[in-house]
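In what comes next, chain A is part of two complexes: it sits with chain B in the first one and with chain C in the second one.
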Partner chain A sequence: MIARGVVTAAGLLLVASVLVFVLVRAAPGDAVDVEFGESGASALLSSEEEAAARAQRARELGLDRSVPEQYVRWLSRVVRLDLGISFRTGRPVADELVERVPASAALGGAGFLVALAGAWLIGLLSARRPGGLLDHVLRLLSLAATAVPTFLLGSLALRYAAEWIGYPIAGEASWRRLWLPAVVLGVGAMPVVARLLRASLISEYGRPYALAARARGASPARVTFRHVMRPAFTPLLTLAGLTLASLVAASVITEVIFSWPGVSEYAVAAISAKDYPVVQAYLLLVVVVVVVVNRAVDVIQHLLDPRVGQAAEVMA
Partner chain B sequence: MAGIRVKFGAAAVVAALLLAGCGDGNDGSDQPGSGTLRVATSALAASVDPMAELSASYLRSVGAAEGLMRIQPDGTVAPELAEKVEATAPTVWTATLRPNVTFWKGGTVDAKAVVASMERARTENTLAAGLLKDVTVAATGQRTVTFTTKEPTYSLPYALAHYQLVIHNVSGYPAGFSGTDPATADLTGPYRITGFESDRQMVLERNDRWWGGTPGLARVEVRKVADPQARAQIALSGQAEIVQDLPTERAKELEAAPGMSLVAKPAANTVTVYLNPTSTAAPALADQRVRQALAWAVDRQEVVSLATSGLSVPAPSWLASNPAFPDATGQGYTRFDKVTAERLLDEAGWTLGADGKRVKDGKKLTLRLLTFGAEAATGEVLQAQWARLGIDVQVRNVESSLINQSIEKGDWDAVTQAWTTLGDTAKLIAAQIGPGGAANHGKYTDPRIEGLLTQAAGAAQEGERTAAVYELNKLMVELAPSIPVHPRVLATGIAKEVTGFVAHPLQYENIVQPKMTLG
Partner chain C sequence: MTASAMSVSGLSVTYGQQVVLDGVDLDLRPGCVHVVMGASGSGKTTLLRALIGMVPAPGRVSARRLLLRAGERDVDLSAPHSSAWRRVRGRHVGLIAQDPAQALTALRRVASLVREADRLTGGDAGRERVEQVLRQAGFADPRAVASRYCFELSGGMAQRLGVGLAIAPRPAVVLADEPSTALDGIARAGLAATLREMAHTGAAVVLVTHDVTLATGLADDVTVLHAGRVAEAGPASDILAAPQHEATRRLINGARPRPAAPAPHQGTGAGALSVRGLHKRYRSTGLVLDGVDLDVADGEVVGIAGRSGAGKTTLLRCLVGLERPDGGELRIAGRLPAEAGWRALRRLVQVVPQDPRASLNPWRTARELVADPLDAHRIGTRAERRTRAGALLDRVGLAGLGDRRPGQLSTGQCQRVAIARALALRPRLLIADEPVTALDAPLRQGVLDLLHDLVAEHDMAALVISHDLYVLEALCHRIAVLDAGRIVEDLPATALRDRGTHPLTRALIDCQPTEVSMAESNRVHGDRG
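Take a look at the complex of A and B:
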């Protein structure tokens, strides 16, 4: 199963690499256009001189080659873990990514924990009395959290946290700064997980083993935590994997709003500058994270419930 | 048991990531009154090498880099590292360097070092090559550098004041060096770079060897904050003493904030709507009267008020944003004149229909306007104003590269851009209206242009050159290849404890100023 998973993941990455490479170049203009547009050099050069200078810069950046040739050269480097050199800074992209990955991982991890903890609490409280007042209130709050865009929530949170408690808006990745973007990230992902957990818990409460436990005199808390919680969590594993992947996407906005020095903020600046090596490396990293997380979820599900693996084999 | 191990393992991984990703919480931002100036900015130098693309202006803005000359707030040019720069023959300029100027690491800034810096600039940077085109640079004494031009070039001091010709110690930048290692940087400015993280932050400390005396601050910390709303919040909460490029829509809130002031000097560039006379989608633009009508129908005061929260000023002509040519504010579309606009459209055959739309030969008067960045707001106000004239305008805010691509393909009607007006004015205005000019997108021609451009660049008397520039500016109003609207806004938040900050039309390269102190 692991070997098959590795082969599938490798195939996915190859397809993704082609898509990433083509999509990045599909946007109008390139790094040379950006550099010349921003520098104002064209006002001082004749059209021939400008064309020659642009051609020279394109040669330096390797953009004078055909796109397939650029792709083959890039891929041959990537398989050796050489992600190329940033057009803007002249530094190896791998080095720049490595510097930023810990901050992004910290934010993603903290956001994920916030989402799970919040969802657990909401799911638990909602499932205690389905249709009750608390359930309705929590559903409304969940809907509100889903409806508010991350950029708005982030901007408001930043505004009031800075005004009221002096939250440091700019700076390094620090504990003092982590909690707020993590909450914003987590709140966005929380409602879906909470709703699924609620449904899962309600379903489990109705199963014979839970009813039998109640009949034997077990308290509601004991039924929940001793008997129901674990099976109720199992369907959430897949969703948790997807949630982690969606957090990667949401972190783009969050990192920019909070000036969080992670890979997403780095990638946004690179996109504006058409810094292809950086954008390609970032997108590939995102694909790797999503693929790895989903594979890991499959494996964990298999470990927790061997019937999942057997069912997959039967289907195959 | 296995489940417990998985849970503990996951918790350990998350904890490790959190620990690895976070510092100790001491981000060094709590040092009020310590002589540390904190600056929040929208962009940072990509490299500590001023010849790397998109680096020199940022290095100059934070007080790290200096040139032989520098443009002053009134638009004139004054010596910086040079003691004086004078024309010693029609095609020769001689720069005499200040005595006792050194690079950060102690090397002397003598004529040889300046020549080496200029030559490296010419080789490494396209913009610098453009500035030094047809200019021979030679050391003719210990402190004397001569610049010999092919033809009389009266604007050379402006070229020497350009940020791309800042003086750097060439031996400090060997081939293959890392552009992000602050230890390699060797410049002359009052503040030397001691910390550099590309695209994130820069730390500078006082340069005790600075030729101008003791700089006013001990330390400068510059951080990039990409989100404009976050920058506004930093200004409001006093988390930086200088915050650059604030969003204009929050002007009132920022102006009312205690502890800071909002400085909004109109920039030396004019937001201009360029018009395509060969557009097949908007053939009306081929008619000069239609283009003039569009220009007269712009209520610039209203645009400034709505699109820039009153932080900019109307620009009746393209040159109006250049403080060195103050009479340009009296040229061109100095008033909002809807009556003239309507008359011109009527004369051009675009009559007003019952539905309030202008029509000619059964076709409506329409055009597509592409805007970029903050100019989206300007575009929307123009759309409303031109609609009152009976013109349908579609506005799209796009990336600048898409605008350039549309121009290259010829598939455009109108686009906004804001080219610099301050510097070598003859060259800059030639780019707007001259044959093959980089901003002459509509390829406009007129028999008067070439003669005036020659006079603007090469007339022996300064008065004649100035007159030619003004005449070209007037010609741009007459031909209406483009519609000037207003200078870009450079809104900077300055904390009350900062003294000595001077507003500058090139604010983006004049943020940290040597005499600035923290009170």
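Take a look at the complex of A and C:
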């Protein structure tokens, strides 16, 4: 099962890397354009001189070769874990990423946990009395959380938190600064999982085994936590794993708003500078994280419900 | 004279405007089996739920009197939403669920469930106690089973555990919910014996069922429900022998399909189905089919009898290509699937599934559902398909209901839709998987008659899978008995009772007696009582 997972992941990475490579280059303009445009150097040079300088720079960056050739050169370096040199800063991309990964991982992980814990609590509370007051209120809140865009929620949260409780707007990544973007990130991913958990719990409550447990004298809390929760929540882990992808998307916005010194903020800057090696490395990193997390979810699911793997075996 | 274990009067349950139970009186005496009978919708399941304080949310329960004997004193449970219920549930009232495998928390281990149940009913939940409960439930080696997950139990083991959990605290009242529908005949007989024993040791047993055979064998008292009211109640011997109310008569008459095996048909040519040495092994459960040999001639109706877990369902799945056998040869109309291709052969084999409602897409109308196989195989024009679907619906007795969706049809009507759908392609072989198990007794005869007539009209062969010998005797020329993945007996339907020698065949016959032998056993039971 694990060996098959690695092969799948490798295939996925290969496909993703081609897409990434082509898409990054499909956008008009390249790093040379950006450099010459930015520095204003073109005004000081004659057009022949400029053309020569541009060609020289393109050669340095390897942009004079055909796209397939560039790809093969890049890929052969990547498999040796060499992510290349940033066009912009001239430093190895790997070094720059490594500096920023911990901050992003902390934010993403915290956001994911907030989303899961929140979804769990909301799902649990709203399934207690479907159609009751609490259920309605939580449904409205969920809808609101889905409807409000992350950038708006983030900006508002930042503003009021800074004003009322002196939240540090800028600065190093620290625990004191982590919680607010984590909550903003988590709130966005929470409603879908919460709604599905609610539905899943309600249907499990009506199943014969839950009724049988009650008939043996189990209290509602015992029925919920010792009988129903595990079968209700386990299937949702797949979904939770998938929401991680949208969490990554949201974290780009969140990191920028909260000036969180993470990978996404770095990638946004690289995109505007057409810093291909950095953008490519960033996207690869995201794909790896999403694949790894979803694989991990499969394994956790199998541990929580040994039938999950068995069913796959029978189907195969 | 001992006091009642539970005494109920004026029990009503309403859902909004709808009255489900209307002034039901019930007196449960210790040591007696009390059978509650009634057609679907008569309120018998609601009654059972009310007796354990578990009527689902919007339902409102009221009762003039609802007293339960709990140890030395009576507990008054007539107040709505009585919090007293939680203290008596499990300990003084036990519930045996309808489908035992579904009624266990699949992801818990056996020992963990036993410990929990014991602690909830005031036990110490020690290791010895767990082993004692499991041994009493009929597990010879409690340690081996204790560490298993509940989903790893076989159907029979799940039943024993479910029953064991319910009766371990020795409740004064044991409620059993329609246990016959999910169980094969032998398991049902085992459960009947357990319930009888519970009564012997002083419990009041309430058995909800529409199975007259089971009721006849067990009941001391009978209450017949009709439209939420008690139609008649009294000693079993009076009610079942001389029913006064129309509802009771209908239940009893509809209970047993009349044997009407048609004259055997002389098969020609290759035959509809030929199976040689079919093997199938699952990695999780091991060998399921262990060399099945089976022939069905054209126009012949063959029954497959067997207990749950004998491999009936796996055999069916192999016959329609949903499962690839590990060995053996399968020919449909003389052709091998590997050569002819399953898509072509599926036109020749159609299935009437066990649970009609589950097999019908709830968003489509009856006519669309019946036309579906025609659509799938692109037979005729759209208009022709609709016409054919309409004609088939007329034939199965659903004229004028073509625009209804499954939600607007009764279970019996859904089964008729499923039958019409199976006929749409004019199959050479019809496979009916427990065709009437999901239906109430009064509806069964109608569906069996329909199947019987249709098989003759369409001149097709049929394979009927059932654990109910009566059903097979009503439909089949020949009955094959499947046990542990092998055909252990294969005899003409009319000869099975006389000439069947395999122990399993005998057991199946013994738990489903004919009219005559049942009357005898009643007399014996009556004398003893």
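The rule we apply is simple: the second predicted complex is superposed on the first by the 311 of 316 C-alpha atoms of A that agree within 3 Å, B and C clash if a C-alpha of one lies under 4 Å from a C-alpha of the other, contacts with A are read in each partner's own complex, and residues count from 1 in each chain.
The working rule: a contact is a pair of C-beta atoms (placed from the backbone, for glycine too) under 8 Å apart; a residue touches a chain by one contact, two chains touch by 3 or more.
Note that the structure is a prediction, hence the values are computed from the model and not measured.
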{"item": "Touching partner for A:Asp305 - first (chain B), second (chain C), both, neither", "value": "second"}
{"item": "First (chain B), second (chain C), both or neither touched by A:Ser219", "value": "second"}
{"item": "First, second, both or neither for A:His227, with chain B first and chain C second", "value": "second"}
{"item": "Chain B versus chain C as contact partner of A:Arg57, first or second or both or neither", "value": "first"}
{"item": "Partner chain(s) touched by A:Ser174 [first = chain B, second = chain C, both, neither]", "value": "first"}
{"item": "Most chain A residues touched (candidates chain B, chain C)", "value": "B"}
{"item": "First, second, both or neither for A:Tyr209, with chain B first and chain C second", "value": "second"}
{"item": "Which superposed partner A:Gly166 touches (first chain B, second chain C, both, neither)", "value": "first"}
{"item": "Doubly contacted residues of chain A, that is, touched by chain B and again by chain C", "value": "230, 304"}
{"item": "Complex interface listing, chain A residues touching chain C", "value": "206-209, 211-219, 222, 226-227, 230-231, 304-307, 310, 313-314"}
{"item": "Touching residues on chain B, where the partner in the complex is chain A", "value": "2-3, 6, 14, 17-18, 20-29, 40, 46-47, 52-54, 126-127, 129-131, 133, 164, 178-180, 197-200, 223-227, 229-230, 233-234, 236-237, 239-240, 399-402, 404-405, 419-420, 424, 427-428, 431, 436-439"}
{"item": "Contacting residues of chain C [partner chain A, same complex]", "value": "52, 54, 56, 86-87, 89-91, 93-95, 97-99, 102-108, 116-117, 120-121, 149, 151, 162, 165-166, 282-284"}
{"item": "Chain B partner contacts - residues on chain A that touch it in the complex", "value": "27-30, 33-47, 49-50, 53, 57, 88-91, 96, 99, 102-107, 109-110, 112-113, 155, 158-159, 162-163, 166, 168-178, 230, 256-259, 261, 265-266, 268-269, 274, 300, 303-304"}
